[in-house]
Every structure is written in structure tokens, then in C-alpha cells.
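Here the chain labels run A, B, C and D in written order, and each chain numbers its own residues starting at 1.
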Amino acid sequence: MQIGVIGLGRMGGNIARRLMRGGHDVVGFDQNTAATSALADEGIAVTRSLDELAARLREPRIFWIMLPAGATTESTIEALIPLAAPGDIFIDGGNSFYKDDIRRAKACAMQHLHYVDVGTSGGVWGLERGYCMMIGGEKAVVERLDPIFETLAPGHGELLRTRGRSGPVKPSERGYIHAGPAGAGHFVKMVHNGIEYGLMQAYAEGFDILKGKASEKLPEEERFDIDLAEVAEVWRRGSVISSWLLDLCASALADDPRLAGFSGNVSDSGEGQWTIDAAMEEAVPAYVLSAALFARYRSRVDTTFGDQLLSAMRFGFGGHVEMPQ
Amino acid sequence: MQIGVIGLGRMGGNIARRLMRGGHDVVGFDQNTAATSALADEGIAVTRSLDELAARLREPRIFWIMLPAGATTESTIEALIPLAAPGDIFIDGGNSFYKDDIRRAKACAMQHLHYVDVGTSGGVWGLERGYCMMIGGEKAVVERLDPIFETLAPGHGELLRTRGRSGPVKPSERGYIHAGPAGAGHFVKMVHNGIEYGLMQAYAEGFDILKGKASEKLPEEERFDIDLAEVAEVWRRGSVISSWLLDLCASALADDPRLAGFSGNVSDSGEGQWTIDAAMEEAVPAYVLSAALFARYRSRVDTTFGDQLLSAMRFGFGGHVEMPQ
Amino acid sequence: MQIGVIGLGRMGGNIARRLMRGGHDVVGFDQNTAATSALADEGIAVTRSLDELAARLREPRIFWIMLPAGATTESTIEALIPLAAPGDIFIDGGNSFYKDDIRRAKACAMQHLHYVDVGTSGGVWGLERGYCMMIGGEKAVVERLDPIFETLAPGHGELLRTRGRSGPVKPSERGYIHAGPAGAGHFVKMVHNGIEYGLMQAYAEGFDILKGKASEKLPEEERFDIDLAEVAEVWRRGSVISSWLLDLCASALADDPRLAGFSGNVSDSGEGQWTIDAAMEEAVPAYVLSAALFARYRSRVDTTFGDQLLSAMRFGFGGHVEMPQ
Amino acid sequence: MQIGVIGLGRMGGNIARRLMRGGHDVVGFDQNTAATSALADEGIAVTRSLDELAARLREPRIFWIMLPAGATTESTIEALIPLAAPGDIFIDGGNSFYKDDIRRAKACAMQHLHYVDVGTSGGVWGLERGYCMMIGGEKAVVERLDPIFETLAPGHGELLRTRGRSGPVKPSERGYIHAGPAGAGHFVKMVHNGIEYGLMQAYAEGFDILKGKASEKLPEEERFDIDLAEVAEVWRRGSVISSWLLDLCASALADDPRLAGFSGNVSDSGEGQWTIDAAMEEAVPAYVLSAALFARYRSRVDTTFGDQLLSAMRFGFGGHVEMPQ
């Protein structure tokens, strides 16, 4: 199919490449011309403006927007609407907040435009492994785009089929689903990221406990000096906790078991926060997902005012003086 | 090698089978004769008492003990010691507390016996997939047992080699490690289970949030009725959160997306608790692993006295009356 | 001062009474005429409509709005605006979301009206003990209202003066503060409630652990059958954890140490949720305040889908069957 | 009564003083002679050895041991046993682990000695305000010691009587209780401290959120620059969250609202950890109490290995590079 890709950074560039390699007719655009030249060299048609992009695409046009969520995506969609014709399809492949999708889809529908949101997982490995996609939008429109999703998805691969499934292989078994109306794709992707934080923190705490077992604060006969890279490696095989994240731990620890290249200042995208918001709106307890998010906040500061207040209270009732750190 | 397996239940029986199929000379014993007859039919030599077992094995004997942790394992080891000769090896393959291993290894050493602890992951799938093993004990003894571990382990398999690893394949890459002195094996297995609780709870909360999105408490335009089986399936391919536990979710949800066969009364073995104990001994924050454990406690009661006290306080300061559930 | 009080329910009625007893000229209105008649009997002027109320008050008018946060408060303010004259003051004494205050204050300012938000703590005890008030709005306007706040506040009372304070007694030492511009009052009140949840949950868990010490699951020599009412009582005197909430625990437990009248189905107002939202916006870790909120969510359901999924996974990897509850 | 006080440090010295001022015949001992001379000047009889102390006391002797929990207390009791005569009473007023009390009480009973454990709250304020005491031991023995507890306790004071209580004032209303057999006193005190951690953390998080509201990361119109000392002060009067800990916050913030004298390195005694152990033994969810403990662990390190591992995983799947702190 013919498709315009807007935003050719790390994610968008690889999306464009994988589509091109899959035989689609890709036309790209990025404000940053440095990003576009590499792709042009690889044979992707590149345009210099949204107008030019719109002009190059046959109606009904398909725009895949792969930009930072928030203001950038919003203003791009606003700029595209006047260039679009009834029946055109906007696909937001970034990490937009699902309530923005719901709102935008409504606004697009008033212009007889279609809006599809695609939560995309796969990171820097997607070009090679394919992208896991969670899609929201009108059923007929999502079905029309099937060749695009088919190309981008990882495909069925070597993975054993899930016990309990039979019959023809469904798209979910090739790596993409139509999750519901507009917003549902990014909602599922948001929860995916929320879970991701929780999984990561579970490994982080576990390896912390393994490492701490060598601490000189412990009685000598209860200390173990455990090879963390070996532990991560062995858990990859036959253990209950094998996972792709564990594979990444194994790789990082194989490179350097002390992880000296990392200071432990951990960013978070908005999706962890939105997941907790959703949990609260639904009154679902999310102890683990929230704690995982808070651990990231805490990782980014040396101390908190709250910690200081704890010390001040301890001094107040017990005369306790702080230990030097 | 010749090996005696004590305890032929679900786990021990399969350990014995996998060893036999791997060409080892297995002699079994279980107090429960029902368990033994099936194995006898499959060709495993079965004995009727610990005495008979000890008599059947050539010195230095190897005993693989696969019994419930705690009193049963303890009393069996006590009963074996008088039957053993210097140089014999006791392997505790159950889920013992690692401090018990440290103590037992000392006691065995005084009798010139060797004690090896093996944390074994793999559950009911181990017979087929192999067991991931974390081993504690004297280096020379663990090396002598290598043919046994080699047989029980999953082997290298189809798994991509970890980036950062090169050279000859190490045992960790076939599914077993020598983690340290006695106790280290069960310690690593204990943390494995602690992590397992955290991972499981992260998925549980995530799917809860997905399911809750259909709640009628939400504004109608923000509700999604998401197919959880499809979500679990799609995440298996190319997503950051793919894992074996997710495979199990996918399978369970494929069978019945409402999970009507499960009431949600979730047991815990001691290992989650021991992991938190270890974290506290080391002063390692374990927010996620502890919350995962507490969620299981909470799942097993209808209400808590603490909840009642909250209601009583709310009534006290605000005159709030409880809503009917 | 002359003041119109809109909303004469449990909170608003007592606000009106305390103002009247303090010598203010109170004119009331409530849609529910049952609520008004009691107050009329006590000598408070009562009107039958917002129009009548507006007509009865001298300009510049003061309206104290004490209604459920959200739509009711919003629509009342919308209805009042056309009835108001430049210089009139709207006081929202309910539990509004502080971002609504910021927005409303802007809208009022465009009509030359003043908007003041008052977070009010004190519950059913306020009539007698006075109300602790956290106030947001323009400085000059808040100062003009001082006689009202002075009357409603508890006053300095018998409380020992805070060490470190000297000089003339400030309003904060009589129970009210001007916290900042519009919204700041409700923001501080919101955090107050967030803390309240955390404090309550700390007591709840502690008493749960005390009560659980009698459990037959524990070894007999480690069981204690502790009189919880006596414990709550003793902690009131000289202990580090004495507080008003503890006083309420002591009273509830004195009435019935089993709290049989409470099922443990614990509601939450929006303020706990908003506090977590604020924490996330600021990237402040709020482990305890969030866990306290989640415990309330959990208290209101028998089981969660997440718990069922945990059981399904355990069955999947280990063949574990759920225990009967 | 005549009583020997062993350990005359900050706590023990004040216990001795309050007993002396209450008319009791106090004989003191401390290995540190610097500690004893001040007390000798105040008129307390001081001895130079445990032998001398034992010789100075009339049978049946009463020993109040006020030493650091663990080895010091243990060895002192071991040294006292041979000096004691049947009927003598050992009182452990320190922060011993309640399982140690259970064990010691058994050992004492075999020597016809009595063992009483007293959990003592009140900190540096106890001399003036009195001590809140939670007592474990044989009923008859605890009753015999009543004059001592009566003197040390705060007494009924000005505090309003708990609603629901009537009849004669009980010891709990004067600040001490007999909680149960040996160990019960320290068990109740342990839970008291566990709750204390939770309460403190709730305030800490709340004030953190208030302070963070001035952050430049927030939209300008949503920022508030809140006077934390004023907030703490106002909450003391009429709010639901008034407490002694809040009084201490108010005082610390009145001294310096930035708390510049505190680095936020927060120690913990063993009691928070034991409380979580007890919760786990009873299968009681303790989300808040555990999180409060973990926040202290976290406050004492700059980063955790777990945080580094999170960064390593993020780099692994997304190529994310850490932000400078």
C-alpha cells in the first residue's frame, strides 16, 4: 500500500524501513532533514513539507504519524486536517494519551476523516524483530490497513502456539490486535508499559537482594558472593521467570556485572503515570505498578524533603542524630 | 551415575524419570507406595525403606531428597545420617530455607558427609522442558555431580545466545549454576520465587486495569470492552513484556477469558516471605516484592480487621456510614 | 458580618449555626426544605431560592457555598454569577478539586467577582470544636473575611504553643491559614486528606497485626490474646503515636472490641486520588499514601480478576489447585 | 518501692530520676561511670558492680534493666541470674525482641525468678511527661510492681476521657497496661513502633507533595509556594490529622522550614523489621508499614543496584540513555 510516514526519528525511520522492505510504497517527511537523508539513500521517497507529502499521496491517503506524544503530535494533526480529503486516514503510532485519541477521533470524524491509534512496542529491535501493535479505531478502517500491520508485525515465528488455541492463526498470533474503538490501542499499550515498569522493578529488587547478600553487615557465615551474570543466564532456561527483560538483564550483566556505566537515574515516560490514573478511575488496587513508578521518581533525587522531615521528627521525640551517610 | 531419589511425588517422580531417561541408574524410595508403583512400572528400581535404599546404592552414595521443606526433609536427613558412610552426598532438591542448608551442611561435614542444595525451577513442565537448577555446596562435590545436573537441565536449546557472551558454552547456558557454598543454591532459588511473585502481580494488576476499563462506573465514551485473551496473545510477540508467565496467562485466558474456574484465593509458599526477610536483613527496599506477597495474603480473606477499623474511624470523625458491598 | 450560606446539610448547617452563634448575620438556602426548617427554628433566616438569597444580602455580598464537590457546586456557581454584582465574594467551602478553583477564580475575575476556596476539616465535630480551615484566594479578600474565619476556627485552645514560635499568636495558631491564591486552600486540604488515609491505614495495619497474634496458625507459645481497646487507650498517653485518630480508635474499640458493626467496606472521597495525581505530577514518591488508597479499593470487592489470574498462572506452571477459602 | 536500675543512659537515667522523684528507693548501676556521677549528684544511690547492686537490694529484689536490646541485655541477664535469689524480678525495659522475652522468661522460671518485659514509649520527653508502658509477664508479679508503673506513667492528665468508657479509671487510662504473658509487652511496643514508622512516612509524603507544588516543572498557573510551617501549625487545631508527631513537625518547621540541618539519612531500629516479620507470620497485609520501613532503607543510599539495572534494561530495549541527575 501507499503510506506517508511523518516523523523519521529512531522509531519512525525504522517503521518506514520495515514497510519499504515489505513492499509498500513509502513516502516520508521529517522536519529534521538530517533524519531524512539517510532514508532517502535507502530508497524511501522523502518530501520537504506536509503539503508536498499530501500532494504525493493518492486519495484516500494514509498518514502514519510517529512523533513525540503531546504538543508535537497534536499540532501536526491540526496542520494535516486542512490538507486532508474525506476518507483519508490518520494513524497515530506514537505514545499518545488515549483520551487524546478519543477526542481527536471525534474531531476527525466531523471532517469525514478516520483516526486510528496504534500502540507500538518493540523499541530499537522492531526493525529486525517486528513490532507488536495494539490498534484502536473503526473496524472497517483497521481491516483496510491490514497489509500494513501484517508487514510491521513480527509474524507467528518459532513461538509455540498457545495451548487452548486452535483453528486458523489470528492476527494476535502474528503480533497485532484490533483492541477496540479509537483510544483502545493506546490504552492497551499504556497498560503494557505499566506492567513493564512492574516487571522491571521486580527483577531490580531481586538482583538487589542477591547482590546485598555479600554485604559485610551480615554475619560472615550467611554471606554469599553471587555471580549475578550467571544467575541471570541460568534463569533464562527452564525457570518460571524467563522473559525478554531477563534476557536483557543477562546481556547487561554479561557486559559488566557491576553495571558501572549506569548511575541509576531512571526516567519514566508518561505511560506509567497514566496507568495509575486509569487504575484509580476504575478503583483497581495497583500496589506494584505504582511502587515501580515511585521507585523511578526516587531514583532521580539524592534525598527527599520527606526524608529530612523523618529525621527532624526522630530528633524531636528521641533526640536521635542522623548517622553520616 | 547411580543415584537414590527419596520422595517420588509430582516433582521427585519426574526428576527420577528424567534421570532414568538420561541413562542414569535410579533407585527410588517413597513412603507412599502408590507413588512408587507407577515408577516401578516404568522401570525404575524402587525400594521399601531408607535402609533398603542405602543398601542398594554403591558407596560413595548419592541421595537426591525431594520432599516438602521443613520437618519432613529435616527428619529424613536425620534418619539418613546413620545409614550413610563417609563421602556420601546428600542433595536437597526441595524448597528448603537456605539457613537450614547452612546448618545441615555443617552437621554433615562433621560426619564426613557432603551436603548439596539444589533450588529447582520448572514445575510440572520440568520432565519435558528440563529443570533450571541453582546449586550450593562444595565445588569438588558439585563438579562430581555434573552428569546428573547436565541430564536434568533443559540444555542450551533454541534460545539465542546472550549478547556479550562468547567462548565455550557454560553450564549456566545449559540451565544450571554452582551459586556458592551450601545454602547459596536455595538462596538464589528463593529470590527467584520472590521475583516470580512480583512479576505475577504486575501482570495481575495490568489485566485488572484492562478488565476494569469496561466498568459502568466510567463515562460511557471512555469505556472499552477489551478481549483479554487477544491482548495476552499479542504481547507474546515482539513486546517488551513477553515472558513464560505471559504465555501461561495467554493460555489460561484462551481457555476461559473470565477465569471462572479460579476463585482468586492465592496461596504462597514460604519463599516470598523469606525473600522479604533477606531484603530486610540487607536493608534493601523491596516495595514490589513485598506488595506482591501481601496481595496474596489479602486474597485469602473476605475482609480484614484493619478495614473494619478504617470504617469505625470514618464513622467517628465524619459520621460516615458504610455503603453496602 | 452578613453571609449567605448555600447548602444546609450536615456540614453547611453546622457552619451556619457556628456563624450565627458567633454573632454573624446568616441567611441560608437549601433546595431541600427539610434541611432548612430545623435551622429556621434555631433563628437562622432561610430563603427559598438563590434569587431571594441574593436579594436579601447587602452588596458586596458574601456567599458561602457548602455543597457536594463537582456538578452540584459547579452548577450553583454558574447560577449565582448572573445574580451577583461586582465585588461580591463566592466562598467554596466544600471539597472541590483545586484545579476547578483555579479555573473558576479566573472566570469570576472576568466578572469582577472574587472567589475564595476554603478546605474545611473538622467533620461532625466542627460545630463544637471549630473548623480547621485552609484558605485560597486574593490576599485582600481573605483578610476582609477574617471575622468569619475567626468565628469558625477552633481558636488557640488549651494546646501547648509550638516550640520555636514566639511573638503574637498568628491565625494558624487559631486554626486557619491563608495558603495562597485560589486553589491553594483546597490543595492543602486535599493533601491533608491524603495524609489522613495514610495515618488511618498505619493504625489499621498495626491493630490487624495485634489481633492476628491470637491466630491459631501460630505456635501456641507465641500467641497473645491482646485487648485492643486497652492498647488503644494506653497509647493515648505519653506514646509517640498519640493522635486524634487514635482517640477515635480507642472510642470505637471501647464500644465493641470486635467492631462487629462494621463490615470493612471502606469508601474514599476523590481527595486521596487527587493527592496521588499531584504526587505523580510532581514526581514525588507516595508509596504509603497510594497504598492506603488502594487498600480501600480492595476492601470493597470480594476478589479481583488479578487474584484469579494469579491462581491461573500458578495452576499453569505448577499445577497448583486453590485452597478452599 | 526499692528498685535497682541497670543502665543509666539517656533512657535509664530518666527512668531512675522519675522513680526517685516519685518517692521510690532507687539504686543504680552503669558500666559507664560518667553516666552515674550525674545521678549520684541528684541523690540516687549508685553502685559499682552488679554484685554490689545485688547486695544493696533487699529480697525479693527488683531489677529494671534499661540497656540496648540484643547482646548487651542478654549478657547482663546472664550475669544477673547467678546473683539473684528465688522470687527476684527482672524487668527488661529496653527494646528487646519479644521472642527473646519468651525464651528468657522460661529460663528465669526454671530458676524461680520472674521476668517482666516493659515496652516503654516516651523518648526524651518521658522524664517530664511520663512513660507509656506496655507490660508482659505473670499477672501477680505485674500487679506487685504496680506502684512503679503508676509512678512512671503519665497519669490521666487533662485528656478527655474516651467516649464509651465509664466506671473507675483503669491503668490504661493512666498510661500503662498489662498486655499478656512475657513477651506481650514488647510485642505491643514493637507494633507501636511499626505504626510510628507508617504515621511518620504519611506526614513525610504529604509535606513532600506540598513542597513539590512550587516545582518549576509544573505549569506556572498551577504552582503554589506553600508555607509548610503554617500548614503544620494549622493542622494542629481541629483537623483530623492532629497528633503528637504533627506537633513535632510543626516545631521543626517553625525552627527552619527548609530543615537544612537534616540530610535525610534515616535510621531504623529493629522494631519496624520485626513488625513486618510478625505480619508475615500472621499473613496480615502490611503495605504501609513495610513501605515506611523501605523508605528508610532507601534514604540511606545514593542509588541502588536495582536502579542501575533498570537503566541497563531501558538501554537494552529502547536505547534510552540516562539523564544527568
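Observations on the structure shown:
Definition applied: a residue touches a chain if its C-beta (ideal position, glycine included) is under 8 Å from a C-beta of that chain, and two chains touch if they have at least 3 such contacts.
These numbers come from a predicted model, not from an experiment.
Listed by label, the chains that touch chain B and also chain C are A, D.
Of all chains, the one whose mean C-alpha position sits at the greatest distance from that of chain D is A. Centroid to centroid, with C-alpha atoms defining each point, chain A and chain B lie 31 Å apart. Per-chain CA centroids place chain A at a distance of 47 Å from chain D. For the pair chain A and chain C, the distance between C-alpha centroids works out to 39 Å.
The set of chain A residues that touch two or more partner chains comprises 123, 125, 201, 203, 205, 208, 212, 240, 244-245, 251-252, 283-287, 291, 294-295, 298, 300, 304, 306, 317. Of all residues in chain A, only 10, 123-125, 200-201, 203-205, 207-208, 211-212, 244-245, 248-249, 251-253, 259, 261-267, 287, 291, 295-296, 298-320, 322-325 touch chain D in the complex they form. Within the complex, the chain B residues that touch chain D are 240, 273, 276-277, 280, 283-287, 290-291, 293-295, 297-298, 300, 304, 306, 317. On the chain A side of its complex with chain B, the touching residues are 99, 102, 121-123, 125-126, 129-134, 153-160, 162-165, 170-177, 179-181, 183-184, 187-188, 191-192, 194-199, 201-203, 205-206, 208-210, 212-213, 215, 217-218, 221-222, 224-227, 230-231, 233-247, 250-252, 254-255, 275, 278-279, 281-289, 291-292, 294-295.
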